[in-house]
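As structure tokens, here come the structures.
Heads up, the next two complexes both have chain A, just with different partners, chain B and then chain C.
And then the complex of A and B:
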């Protein structure tokens, strides 16, 4: 249903080009959930925004690659055509519910404009009732009253539910959830994840779920793509990846977690260093300065994604497999 | 909300007294006396005459006493009489205030009508040729002395083209005009003063609007609006402008004193019988009661303008209006 191939999203400045997303390929089947995981600043959000070209500035462009969505290449679609897909076939839920809703417009109005635009099948007279029904469906209590509220009058969880309801009213085929639970506390986080699972079951929507929390991803996703420095470094079925992470970076992500992986040790491991900034990637494998298993070749040549057993793909010199 | 309003209104009183005290002191400490104008040119006037005049005006008393007397008359809404032509200050001001308010309101309107679209357009087309051209224009506007621009416009429209009057608010033959012609005549006289009063404000506000709009366009909720597939028109006008205009309301309130100050210059140049001209003439002849009267009215207008802006802001921004905050 969604097939992203060799996507390159770059920032073009007068004196330099900065790659934010570099040769990213993945596919998403109907009704499935793809989890995308990685630290902050490794290109997850930029990948998500690239899909409908919601890029943050004029300097930022898709340089290469294709994004085929139900047979249409979004990367080369004119802006006008693409706009019609936004919100109707492809919806977004963003990280910060507090700032993602317009502070001066009532919930009602923010919901209504999507319905007005994309759901012509709902008669004007029925819109109000429909909005209340949709909000109730995503678990907002007292929705009748809440529609008249401004965003600041709702709690963080409620705001995120409004965002989800707003994204789902058009019954999109693809929902892109960019760290939807990061700004929420743990109990609300769990509720939102259950809600997304329910929505998938009920409407068969495919979800691109982005998070830096590999546990959340493991719980929710069918497939997982691990991103580092603008590239996918590991790609596998969720169950396989959770059982047997192969890339040292993925292993590092697990070792940072409190819980089962850390039980044998008395203290948590920490991945040393930080994600290199786009534009100053090291030569060779981009992870090599932080990699505990680094050897000579890593410093000189960039590894390609190579297919392993059970279709697990890894970008690492430690593993040999058939190149893709 | 009502208690807030009443409290704000109540707070105006000490503020007004403070401002009047300072201006009273400044005016009286400035060199020159009202009697100078009447006496200096006439060498033959004796010292006795001067003292008699000063006694007549109450200028021989100590300053605090003068101020107390002035204040006690003020609370009875009596601004006293002009030293120069002995008419009540209240009457003089009420004659002059309509034309000044008209000019200021029109120029405020003109500023809003031009500056807001320029600012919004510049922000939407940030860093394009239009935006850069506007930046240059705005800085020229900031830097240009108003009186000089006024003289240039007077020369061009009044002398070269002969299509607009250069001074006053009515033509000599005004009395013979029909009602409609009177109206047109009035507008023609107001055109240049309004443009001049608006000019500096235009530069500032458009710049401010641009910054505010650019700031809003980078907010997350604008990205949400885009992700919903809304047309650009709706994103800019409904989602962005409703937020970007909020700080402009405050700015408008703060620009009231500037407008009143600006009308002193504009009215003097165009010889328009308004508050500004009245004030200018009164200062030149050290006509204390008139100066103080104009200052008090100006202060009052400024304070009321600020209060109105604050109120308008709280009505426009639901986060302030609805008050209560949850989770």
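And then the complex of A and C:
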């Protein structure tokens, strides 16, 4: 349904070009959840913003690649055509529910705005009832009363539910959720995860779920794309990735996780160094300075994403002989 | 040996305090908390936002006075000690803050940041430079970092500077208030390793506050679970995590997203998770058990009496009326 191919989003400045997203390709099937995981600054959010072309500044442009959504290339669509897709067919849920709602408008008024713009089929008289129904749908209790509230009167979990309700009002085909649970407590996070799973089942919406938390991704997503330094370094079915991470970076991330496997006080097996900043990526494989299995070829040539067994794709020279 | 004992610590904040309200409303931020910290051990404080973890940390460090109760540090009651009498002890307790961006002055160099506590406790200038270099090396930086400004450092490096600053006065007790929460996974693992190493080297006592349950499990010897200002369960880490008895602890651990759970397919449905959106306000001063309205096991007596902590097994205390 969504097919991103060789997407390159760059920042263009007078003297230099900084790649934020580089050669990103993935596809998302109808009704499935793709989890995108990576550390801060690895290009997850930029990828998501590229899909809706909500890029942050004039200097930032999609340089190459196509984003085919239901047969239409969003990357080359004129702005006014794209605006019709945004909100109605593709919705976005942002990380911070507290700052993405307007603090001086009641929930009701904010919901009405979306309905007014995108759901012309709902008569003005029926709007109030529709809003209450939508809020109940995402699990807000006492919605009748809550619609009259201002955002600050709601809890963090409720605010995120309102955001999701607003995103779902138009019955989008694709929901982009950028770190929707990061600002929430664990118990609320668990509820939001369950809610997203329910929405997927009920409306068949596809979800692009972005998070830095492998645990959350592992629990929710069908497929996972691991990003590093603007590139997808590994892509696989969630279960396969959890059982057999192939890329040294993914393996390293799993070993960094305290909790389930780590024996208390045994040293965590850490990846040394830090994520390189966009603009100063090393030559060759971008992970090679931190890679424990680095060899000569990694320093010179950049590996491509190559398909392995069970549709697992890895960007690493270690597996260059075993593509299928 | 116990380095710190908290006896019946209570902290009330008064709200709506104006000339028209006869009786100001009181918020119980911390309610009747008793904890003992053994020297060289780590106490993990877990709980959701607003449960009083940070207030308790501030009380421990004597940054705010408790409404009632006693703080005994090294067999000395410091609760009512004047600032000047407390000063010699002040250097023995330090704190590392959550946000490495906000907690370091942007206008001071790393060297000046670390020198501040040294100067404050009267170290002669000639000893300062070698001490700062020694501290930098201990936290995994080098003397080259001494003249940099915080903005020139990455998140992990800043947090290391925060740790070096805390260690400058050779403290016995360090409060780590969400010290690794804002770091990326691989950096977080590096800092956790550093903290464990420093603890072993200097026999430091840590109070480790975090909302990430996996991280708390990894570093802590003892864990206390807080809910709305009270400790509902405490004990050795293994006991609390492997055999949680309080329904709230069970809920909290059950909400923890994990790769493991996906592999075992034991995800709970939302129906089983009590909803916390409409949690009672903290100003609620009723005598009911703090978890009463969400507890799946609540009984009549729970509404009348707040249970006290009982030792149910060696090193395992629970406050729940259902547990004998």
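Before moving on, here are some points about what is shown:
Going forward, the second predicted complex is superposed on the first by the 311 of 324 C-alpha atoms of A that agree within 3 Å, B and C clash if a C-alpha of one lies under 4 Å from a C-alpha of the other, contacts with A are read in each partner's own complex, and residues count from 1 in each chain.
Everything that follows uses one rule, which is that a contact is a pair of C-beta atoms (placed from the backbone, for glycine too) under 8 Å apart; a residue touches a chain by one contact, two chains touch by 3 or more.
Keep in mind that what you see is a predicted model, and the values were worked out from it rather than measured.
When the shared chain is aligned, chain B and chain C each come close enough to touch A:155. Once the two structures are overlaid, the count of chain A residues touched is higher for C than for its counterpart among chain B and chain C.
In the superposition on chain A, A:35 contacts neither chain B nor chain C.
Judged by the touch definition given at the top, the superposed model places A:118 against chain B, while chain C stays out of reach. Of the two partner chains, neither chain B nor chain C is touched by A:284.
In the overlay built on the shared chain, the residue A:54 is in contact with chain B alone; chain C does not reach it. In the superposed model, A:186 makes contact with chain C only, not with chain B. In the superposition on chain A, A:257 contacts chain C only, with no contact to chain B. Legend: residue contacts after superposition of the two complexes on their common chain; A:216 is shown touching chain C, with no touch to chain B.
Looking at chain A, you'll find residues 155-156, 158 touch chain B in one structure and chain C in the other. Residues 48-49, 154, 156, 184-190, 192-193, 196, 211, 213-215, 217-219, 237, 251-252, 254-263, 267-270, 273, 275-279 of chain C touch chain A in their complex. Note for the complex: chain A touches chain B at residues 52, 54, 56, 58, 83-88, 91-92, 94, 96, 99-106, 113-114, 117-118, 150, 152-156, 158, 163, 166.
Per the touch definition, chain A reaches chain C in the complex via residues 39-40, 139-142, 155-158, 185-191, 193-195, 198, 212-216, 218-219, 238-239, 242-243, 252-260, 262, 264-265, 267-272, 274-275.
Looking at the complex, you find that chain B touches chain A at residues 127, 219-221, 223-231, 234, 238-239, 242-243, 246, 316-319, 322, 324-327.
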